[in-house]
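In what comes next, subunit A is part of two complexes: it sits with subunit B in the first one and with subunit C in the second one.
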Partner chain A sequence: MTGRIVGFCCSYCGYASADLAGRQGLEYSPDVMIVKLPCSGRIDVLHILRAFRQGADAVFVAGCLEGNCNFANGNYEARKRVNEAKGILESLGIDPRRLEMFNVASNQGWRFPRIVEEMVSRVEELGPSPLGENG
Partner chain B sequence: MIIGEQKPLKEIISNLEGHETILVAGCRSCVAICLAGGEKEVGIMAESLRLHSDINDLGWEIAETTVERQCESEWVLELAPLVEEADCVLSMACGVGAQTVQALFPDTRVIPGLNTSNMGAPEEQGMWSEKCGGCGDCVLHLTGGICPIARCAKSLLNGPCGGSQDGMCEIDPDTPCAWDEIFQSLKRLGRLDLMEEVIPPKSWIPSRNGGPRKIVKESAVLTEEEKHTKEGLD
Partner chain C sequence: MTLPTGSEAVALSSPGRARSRRPRIRPEKDLTERIGVFLCRCGGSVDGRLDIDAVRERVSSMDGVETCLVMDYPCSKEGREAIIGAIGEHDLDRFVVAGCSPKVVDERFMTVARESGVNPFMVEIANIREHCSMIHRHDEATSKAIKLVKAAVSKCSLLVPAPYARTRAEREEVLVYGNGMSAMVAVDELLSEGGKVHLVVPFDPKNLVFNYHDGITPGHLEAMRDRILDSDMVTVYGPGSVHMFQGDPENFRALLRSGEEWKEIGCGAAIVAWEAEEVPPLSVDGVNVITQADLEHLLEEEKVPRSTVMITMFEEDDPYPGRITHIEALRNALRIKVMDPGAEVTIVARDVLAFGMRELDYIEAQSKGVRFVRTGSFPRMIEGSPFIVVVEDETIGEELAIEADLVTMTSWDQPFDTDHIGKVFGAPVDENGYFIPTQVKLKPTASIREGVYLCGTGVESKTPSEVVLEARSAASRAMTLVRSEIERGGAVAEVDPELCSACLTCVRSCPFSAPFIGETGKAEIDIGLCQGCGICAGICPSKAIQLFTSTDDQISVQTEMLTGGRDL
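== the complex of A and B ==
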């Protein structure tokens, strides 16, 4: 196990992409824990910070492609909050690369394993969360 | 409303040094509207501080709460049980709120979480602009409802100056010239005659030049006897 990665996925695209990857039999790291959101716009800076405080080595948010959000602009809101959280993480001495926003379509099953792979490689590069055993 | 913005997190953390039991106290009024110190921002601040404490093994205990109005003692007194448990309060209200908490709980240190900026209004989502200079001697009736004290970079009473270019101020191409706005407003109102009226030098005594200001409305002030009755002491 490389680390603990939390993926906040919108039900329409992020989660659907993970679902499709599963149905296509594509493999990805078991280190990812998926939290299903009705829309990526539901993500709150607080959710992201709490995931890190509970020991996540990396966190990502997967929403619909830009312009394709089922609720018009939820994914744009999500990106803004991810950027806000990155600023807070940086102030706290946590590398902001541990957090990322991705835009994915529901029919892109192949992309989900790549997103997970990307975050796994970042955790491998950055090492475990600075919370260490405290998390 | 009062406009403020959060201090940088690093500055807040540095100011909290030496404290371990911290109460993060927000306000649901102005600073909640300007997304600086309402319930949501208090939650994020508290979680950020917990994360900082966990990373550095500081053992901080962080409590969080948000009162209706941190500038009024009636609401702030509700904080008493939480303040009792804390060795410091991080006030996420404006400077008025932070001072009210400090005045009511003089034995507990209050640290400001915000920089209080001005009296203004929301311009659009996520954007707030200064509107009132609080000069204590309003001239809006002469200036088409636009405050030259707060909105003119030079606080000119008889403008515009030569720095007004195409309706914008010379200090910044994104800042409208208040006196151009005043002219346009008076034109719309059919009161361009007011542009001819020379506003005489202003008395700044009702402003900060007279020291800290206090407004007393005699009819509302309670006598000692009335205070007694109101507090149910008789």
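== the complex of A and C ==
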């Protein structure tokens, strides 16, 4: 058990790439839990901060590749809000590296496990979240 | 250009077949908050890789769960019938299916819901296959599956019935606004599918044969024009223009100007078939040059020049001359060689881009003796009779002087008026004036606005065969839309007027222009335009907007269940 990682995934790309990774049998850490959003632009700073308060050790948002969003600019909006949330996390004394925005295409099944790996290695480096049970 | 795929290809190959199936819909039940959970064994790809009975045990004790069944294939006919039976038996008003990805089975279980009187947006799918059993070890997969199903059940208990309606377009007419061949092809395709068309052209309808070169026989276009002008199903407005285009696929309203008259018409879909126009180069170094189209006209009149130099680059330092430049040059070069094998043809290029089967033209041109000069710099010209074209050959590092009777140059395509048209139809335009299709790969002819389709060289430069294919594809799409049921509502956004401060953030950020400030001075969502992305809900500073199937609470309850969190 490395920690608890929440991934907010847009249904068109992030979620679909995790589906493809699953179909290809590409293993990744079972500590990653995926929440499906219609578009990464649905993400709100609120959802990210609530996830941390509930004890998540890391949170990531996975949207479509830039310029390729099914809803034109949702992934750009998501990145803005992730950056906003990073600022808030920093002022709360939580390392902003616990939060990241990724752009992934639905046919990039191989990339999803790498995203997970990246987040897991950050949690291993930073330790459990100060807001979590063990923090 | 991307070829039509999926439903477009089906619509093309079997006109009139691409219709939606009309499901049997029962009136919806009252809300009872009784949840059914159906766990899928999925023939060994879930069961066996995780302990599904342990999942069942943990989930069936949750609040609100009336029944929790383990099934073999809930998505099969028998499985769906069993779900419908369980809904009746336990009087369920919502249910969770845990199995494979919602991207695969969502529609199917929404149909099950409709057929059994459950609101189709009260169905939640937990992905315990792709996201769990197929990638984790047995014990890890079991504990993750419990969390995933619990999160889905918690979200499901917070779902509210989304208002939705299935309607049909009030009018079957399709508005075609175009200035070129793609408009004509689209109208012809609509007619062959039995559609009614309003055709708006910016010039006199009598001139409805467009000057199009390149492999399209003129007689064919004239026959097409006669079919269009003689048909009772087409109303032609010209010289005309579209000034306003409002509404949604159920009922679009367009304000047209036809000659001196203003007219308002209704329609069910619109095709913007706008062609870019050729901006011909006039002269280089004082020497007159012609375009490939002009050369083609000369060849039609059987005037074959003895020596031709084709320059396939722009004077400005633009590395990419456009995707059809070399195809046009190769075709004309081959035509000259067929008509007069002794004629000399030189193609000056940075790099010859002959994609797909056009590579064969390139090989044939080489074997027939067309000369290719590779250069990085634009050639100079010396006037005289014949002209001399001086070009630096990169391969030998020397300047060549080529005598030429005729010099052709790449013409510059420019879409005109697209800024204005884009604003009217709600289709975005890029910095060069080309329309931007919403998803080049998945929906090549769709614009970002539902019911508005794009085709023609105003989207991208294309060869004539591609123009024809794309125009027919757009027409099939439009025809499918006006004849099938349109679903309004469902997973759309809703504004709480109590919280709204009318800050216009949603109005500015929506890619579909769905939010507007209503009569009460608060934001409202036009559900005919809303596509349910939730960008407005995420950006609203007053938290006044929620998306029916993805509210703030529904998202946070999932993270709570998944992290085992303490509170909300």
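Side notes on the structure shown:
Quick note on the criterion: the second predicted complex is superposed on the first by the 132 of 135 C-alpha atoms of A that agree within 3 Å, B and C clash if a C-alpha of one lies under 4 Å from a C-alpha of the other, contacts with A are read in each partner's own complex, and residues count from 1 in each chain.
The definition used in the following text is that contacts are C-beta pairs under 8 Å (C-beta built on N, C-alpha and C of every residue); 3 or more make two chains touch, one makes a residue touch a chain.
The shown structure was predicted, so the numbers you read here are calculated from the model rather than taken from an experiment.
In the overlay built on the shared chain, the residue A:130 is in contact with subunit B alone; subunit C does not reach it. More residues of subunit A lie in contact with C than with the other chain of the pair subunit B and subunit C. Of the two partner chains placed around the shared chain by superposition, subunit C is the only one that A:72 touches, whereas subunit B remains out of contact.
By the document's definition of touching, neither partner reaches A:64: not subunit B, not subunit C.
Once the two complexes are laid over each other on the shared chain, residue contacts for A:101 go to neither subunit B nor subunit C. In the superposition on chain A, contact is made by A:23 with subunit C only, not with subunit B.
In the overlay built on the shared chain, the residue A:33 is in contact with subunit C alone; subunit B does not reach it.
By the touch criterion stated above, A:91 is placed in contact with subunit B alone, subunit C being left untouched.
Of the two partner chains placed by the overlay, subunit B and subunit C both lie in contact with A:50. In the overlay built on the shared chain, the residue A:120 is in contact with neither subunit B nor subunit C.
Where the contact sets of subunit A with subunit B and with subunit C meet, they give residues 44, 46, 50, 53. The touching residues of subunit A, when paired with subunit C in their complex, are 4, 6, 8, 11, 15-16, 18-23, 25-28, 30, 33-39, 41-44, 46-47, 50-51, 53-56, 70-74, 77-78, 81.
By the touch criterion given at the top, residues 44-46, 49-50, 52-53, 88, 91-94, 130-131, 134-135 of subunit A touch subunit B in their complex.
Residue ranges of subunit C in contact with subunit A, taken from their complex: 101-103, 127, 129-132, 134-137, 140-141, 143-144, 147-148, 151, 428, 438-439, 448, 491, 509, 511, 531-535, 537-539, 543, 547, 549-550, 552, 555-556, 558-560, 562-568. Here subunit B touches subunit A in the complex through residues 8-10, 13, 40, 43-44, 47-48, 50-52, 54-55, 57, going by the rule given at the top.
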